[in-house]
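In what comes next, chain A is part of two complexes: it sits with chain B in the first one and with chain C in the second one.
Right, the complex of A and B next:
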């Protein structure tokens, strides 16, 4: 099974697919040139990671040769086929890839010097030249890039040569150091005392502290902490019955305590971040029921978020439009919430009814349309007297619960409120998945016409998914109104729908844990459509990164970061069947000869 | 109307193709009717039409005296007609148990409220759904129960998929069961066993059965009555012996005597 049992063949250092490597090198070059011209190095240069050697701008370039080098050395290991012995060959190949890639960047340096293409390419300008030349002469830049890129690529390829243990230790050292540097604001916000110990004056780790952090991470990984965690995970997954139940309870308890306690000790930035993650988590959980469970690709999900936000605002704010009849009351937040839930459910029915008889692509397009229609209605002159058009509804009062007031200036309170709703949403998703309704949804996702032929009322069930999704989204809208204190049509762009969908897809469709991880990773690290994430510097390039991530996920891991067992089975049907066959689980026609009693 | 199922003057056209023409057909309570006919004769279309997946162009379908025309497939199932598919269509990524549980949908009623608050009625209904699912699966011996319950339907062998399809249809608690080529692709031993099971489906479970089959041995062994379709028309009806010796039927099967098809 494992590679060790099979013979290894030794091959000469130049005995590899040179053309393939050159192609890879050119791809790397293309990537580097693209990143440069997209402006990442300039935009991120002011953010210093390790003082004075590395800024985020340079990091945005140099990670690529490293990864390319590693990728150039990955080979498919086939059972029973001799593998090639790792060695100089890998380094040469990695070096070649890096060299060619770096040369492309050198070419860019030269071209930028000779021609002026600033018109179509805004970043074709002296600041980029300066960075690519390391603030020195052109010749320096032209010479250094191929070398640097080759060295990094070699290092990446070199990871194949060292033993797995050292490899993971090295990687954790590098990644951990970078993470410490990149997430500086967050870390300082959580643990104030680290500020002057680790970080320099204008931000960035000092070289000294970088080395200390790296060594620490290296040793911790080398002692085998990572492996122990992995074993514990496997043990947990394999345990059954009572043990599993008690372990699950314990894990949930630990998670619950963590999310309750952490915001108490952190600063405002982190609390704000948590609150944003929570608001999008609520949306993602709702969409997960619609898309992940019932298989209805709803691209207009933002409509329900908008309805939730606007209803709450109208019912609580003194500044709602003048045309509302006087019998529409002004309520406290929780009172408005109840009405909001009812109205969102109704709107869900209303939008769902005409849409639901469609299938697949048609449904996606129509929901996309409805998502925009709702926003444009709120923006329209026609309803200006009710929703104030582009001015929006301001002065939404905080949600008053007597003991605490939930408002934007106190992100911690927002977070706790979100937490309550997230708990409700998670419970709802979890219960429904294991019920008659959830099974019907899954059957519809698998094959709608067969589900119907087996007696499932597909129209009703799909409408129900729509309504449940709408209600969960309205929670988020209600909290959002109280948090921001004002509601504008621009908060409900179609982009929000797309980003929530990306969260669900990247996290792992149809899986609650996946959706949570997706929200933390995407909204927390990259940020929401308007909300900054941990990497506030990236906000300009957020969509670029979202897009790249989505493409990569679709190609490499379509089941998401935390896959739902069923979906990954669906997407990797062949491999799954093969594995099941190897384990002897596949049912052979041969053994069906047993005659039943 | 004393027949369980009564089809009158039924026509279906797909564009210019007359898939079923002036079809008259009836099934008595407790009967097993075999439907035979060459490829493309319209047998599957006949099932699709009964189960509501295609609408007849004209004519009427009466089940227990009430018309089925215009009903959605799930309403037809609710009335008590269940079917299997010629090209097995299981919910491949749901477990074997879930496949059979979900098809009890129209016989159960707990909704969102029950499952959210885990009410007593909900728990009892879930337990009953599960018990009945296991009972139905148990009909096929030990193959679909035990550790198999929690496995996805996609790991099953071809023969077991066909069995699971029948189980799934049984779980809708029908009065009339429509089986579309249930033994296609099975080996002789499996075929013989399933033939026996089809007999038991009537005697033990009380289903009335209409069965489409190309395997003449099966048709002969189980059917009380045989109907032969060709180009959407009934060309012969009666006992197996009568139909199989009918000259029109022999001609429809390319002029060869039926016995030589074995």
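Right, the complex of A and C next:
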């Protein structure tokens, strides 16, 4: 069946689902009110993006009407059904959504002046009022928000009207300018000379430089550089055999040189950031094997990180608990690493064996329980003589490799050490994924019973996933111990497991590139459980954002930013089969069977 | 069950042997611990006690202490049971663990705090007027928790119906994370203290016949146990005796056939979430009355433990959930002092949570269907 060409229909500017749009507007309003009361505008206001026009606090509010406006104009395009001609109608609809959303915020401004609800709501206070009123009168705040929101929402909806070329150019101009402003610390760290030229005195782009940057991005996008990159990507994906192999080698070489060279020219902050990204990348690569490839939802993954960290600390630190028998030696770091690997592997077996026969959701809770048990044991008075309880094990010596010492005060050395382990982990994951074992894991992920029927030893394979995951996590734990120089039970909360899970899921379950992208984007920008990212101001809000991101990804794009082809087919099986059916590739009777399953 | 089939079909593997060892060790610890406890009660200075306690005699647990542990275990267990009902019902109907159910409980406890605080400011949290005030508070908590559960279903779970099972589970982790941190940002991260209960509620009372004291209970503990029992009865009546309850059971059994019988599956699922949420809300305010403190992370551990309770009692089985909750509460309160302490473990009260999780593992290893058997839908049994 081929798509019939149907003409566009022209409809009047008010001919749309008004009630639906009003509901959307109310949702937008709820979102705005929630963001305000959660304190994002106050907490982020100190970070200036474009001086003196825009701060991160205001950005946390105004992005929402823009996106809502864009979303209000999105229409499902169906084969054979006439699409509506874009035009004034979209603008009116976007404006309505924005107007209602902004009105909700105005209402909040009024309510905040009439009532005092500070008792339960901590942010119901003058600072928030001041921000919502732009430091002016109440009337100003009440009038400006609906207007501003409507304009932004109109602009968002307007993106549907302009031609794709201009749209992408505009978007890249806006996004690039924002990125330049948001990543100020990083950019200044890498290229110091830009500091005076681009940024104002207390941070933030100056208006002039913002305009210059935006124009630059607009022109670059308009002359088609973006499209050329996209074409190159498609070419690479479609190439086969020798060409592809050589292109892959080249890409890997470029990436390798970049990651090796960049930390040499950057300052300490960036190096620290890279080291943190690396530590979490190691964890995410390990969890990717367990969750992404074998489909086992392990929520206690932090247990292996903890075991790795504690084993290394016990074997290297002079301050380990007093109860250790004298035959437990004090080793140099690399010696301890070997023991750590062995012990984590054993712990992986020990935790894996009881849980692998359980149903998927039981398994999740039980692994979570193991994660907590291990943390509680490290914390307890019972084993105080071994692990020092809440005081933790301090004085973990740096990892000494003769030429360089890897320690926390020299984040660059940590980064290079992590890089070595990351390279090993990536290579191992990559080889495993394409091996018999990897195929067995994927078979188990898709359907365990079928995999078993096909002769896969599911028990051994799942155990193996656990052990490999545990060993990769223990690398991270060992590096973490050397980096921080001390190990506390509070570094190993369940939170860590969940953040790593978000990294893997947002990046793309089962895809190594995806996991790398996920770690860089999430840990780099938002930060780890305790480690700040580029947006250090986000530290209070990052867990909320992680939660929201997890829900949003699961609802909209469960396959992640960089999807694994096979995994995304599993997740969208129904749509995939429907498409195939529409194209006439599946006949009716076979289809009903498969859709049911 | 598939486990049984695999066990018989594939022969004993190393994993099976390892699991047997774990089971034997865990049960052995329980038996030896109990024996040591009994020996220690009879003679605190016996050889084993001296050996485990570095040469000193163990301390005996008095009858009053023991009863106190049982009562606090039971009242806490009653709350676990109430939360567990929500897990159990949702698992029965939708077949996935609603990880965020613990947060519904927390929202209930938080609403209770806000209401109680406002009533206290108005001088209503004392004397005779306390009773209508607390009833209004319980009602509000129930409604707010219900609304939270329903919105959760609408926003996060309904769009995912029919996707692979792991997806709604991961989503519910996200929901849990989101609610927790939203509450921290909206209401502040510190612990919130409930106003003090009126004396007549807080005071300990002795139950007994004549001069024979059976047990001494705090007023709040009596309230908790009574309210939990009443809610449990109400729920049982709702599920077993009303038309909506019948629809719920039908949907749990088989969604497709239920819809063919003219049952509105969507509405039934929403009802399930609402009822589960209501139970969690009641548990929340009871928690507040009993411990008089709530923090945004309050929901996490009780949530996980309530799930444990649901598994212990048999998922999908409402009576089982309540019984599981009570036994988990009792085990958690008693086991550290009666099993671990006699074995010479020090700082046992820190290990409560570990005891609960170990119990979960043990039950899943020994009897995965729980004490009273699972009631799962047709799809789950397959």
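By definition in this document, the second predicted complex is superposed on the first by the 568 of 597 C-alpha atoms of A that agree within 3 Å, B and C clash if a C-alpha of one lies under 4 Å from a C-alpha of the other, contacts with A are read in each partner's own complex, and residues count from 1 in each chain.
We adopt the following convention: a contact is a pair of C-beta atoms (placed from the backbone, for glycine too) under 8 Å apart; a residue touches a chain by one contact, two chains touch by 3 or more.
Since this is a predicted model, take the numbers as computed values, not measurements.
Visitor: Please indicate which partner A:384 is in contact with in the superposed arrangement: first for chain B, second for chain C, both, or neither.
Guide: second
Visitor: Of chain B and chain C, which one touches more of chain A's residues?
Guide: C
Visitor: A:451 contacts which: chain B (first), chain C (second), both, neither?
Guide: first
Visitor: Would you sort A:468 into first (chain B), second (chain C), both or neither based on which partner it touches?
Guide: After superposition on chain A, A:468 lies in contact with chain B alone.
Visitor: With the two structures laid over each other on chain A, which partner does A:431 touch: chain B (first), chain C (second), both, or neither?
Guide: first
Visitor: Please work out whether A:372 is in contact with chain B alone, chain C alone, both, or neither, and reply first, second, both or neither.
Guide: second
Visitor: Contacts for A:164 in the overlay, against chain B (first) and chain C (second): which applies, first, second, both or neither?
Guide: neither
Visitor: So in the superposed three-chain picture, is A:443 touching just chain B, just chain C, both, or none of them (first/second/both/neither)?
Guide: first
Visitor: Is A:121 touching anything from chain B or chain C once the two structures are fitted on A? First, second, both or neither.
Guide: It touches chain C, and chain B stays clear.
Visitor: Using the superposition on chain A as set up above, list the residues of chain A that contact both chain B and chain C.
Guide: 449, 459, 570
Visitor: Considering only the defined contacts, which chain A positions touch chain C in the complex?
Guide: Residues 34, 37-40, 119-123, 295, 297, 299, 353-354, 356-358, 360-362, 364-366, 368-370, 372-373, 376-377, 379-382, 384, 449, 459, 463, 494, 498, 501-502, 505, 540-541, 543-544, 546-551, 554-555, 558, 570-571, 574 of chain A touch chain C in their complex.
Visitor: Please name which positions on chain B make contact with chain A in the complex.
Guide: The contact residues of chain B facing chain A are 51-53, 72-74, 77-78, 82-83, 85, 89, 91-94, 98, 101-108, 110-112, 114-116, 118, 122, 125-126, 129, 140-143, 148, 151-152, 154-160, 168-169, 172, 187, 189-190, 193.
Visitor: Can you name the residues of chain C that touch chain A in the complex?
Guide: 2-3, 6, 13, 15, 18-19, 22, 96-97, 114, 117-118, 155-156, 159-160, 162-171, 173-182, 185-188, 300, 304, 307-308, 311, 345-348, 350-351, 353-354, 357-358, 360-361, 364-365, 368
Visitor: Provide the residue numbers of chain A that touch chain B in the complex, in ascending order.
Guide: 427-428, 431-432, 434-440, 442-443, 446-447, 449-459, 464, 468, 566-567, 569-570, 573, 576-577, 580, 585-589, 592-597
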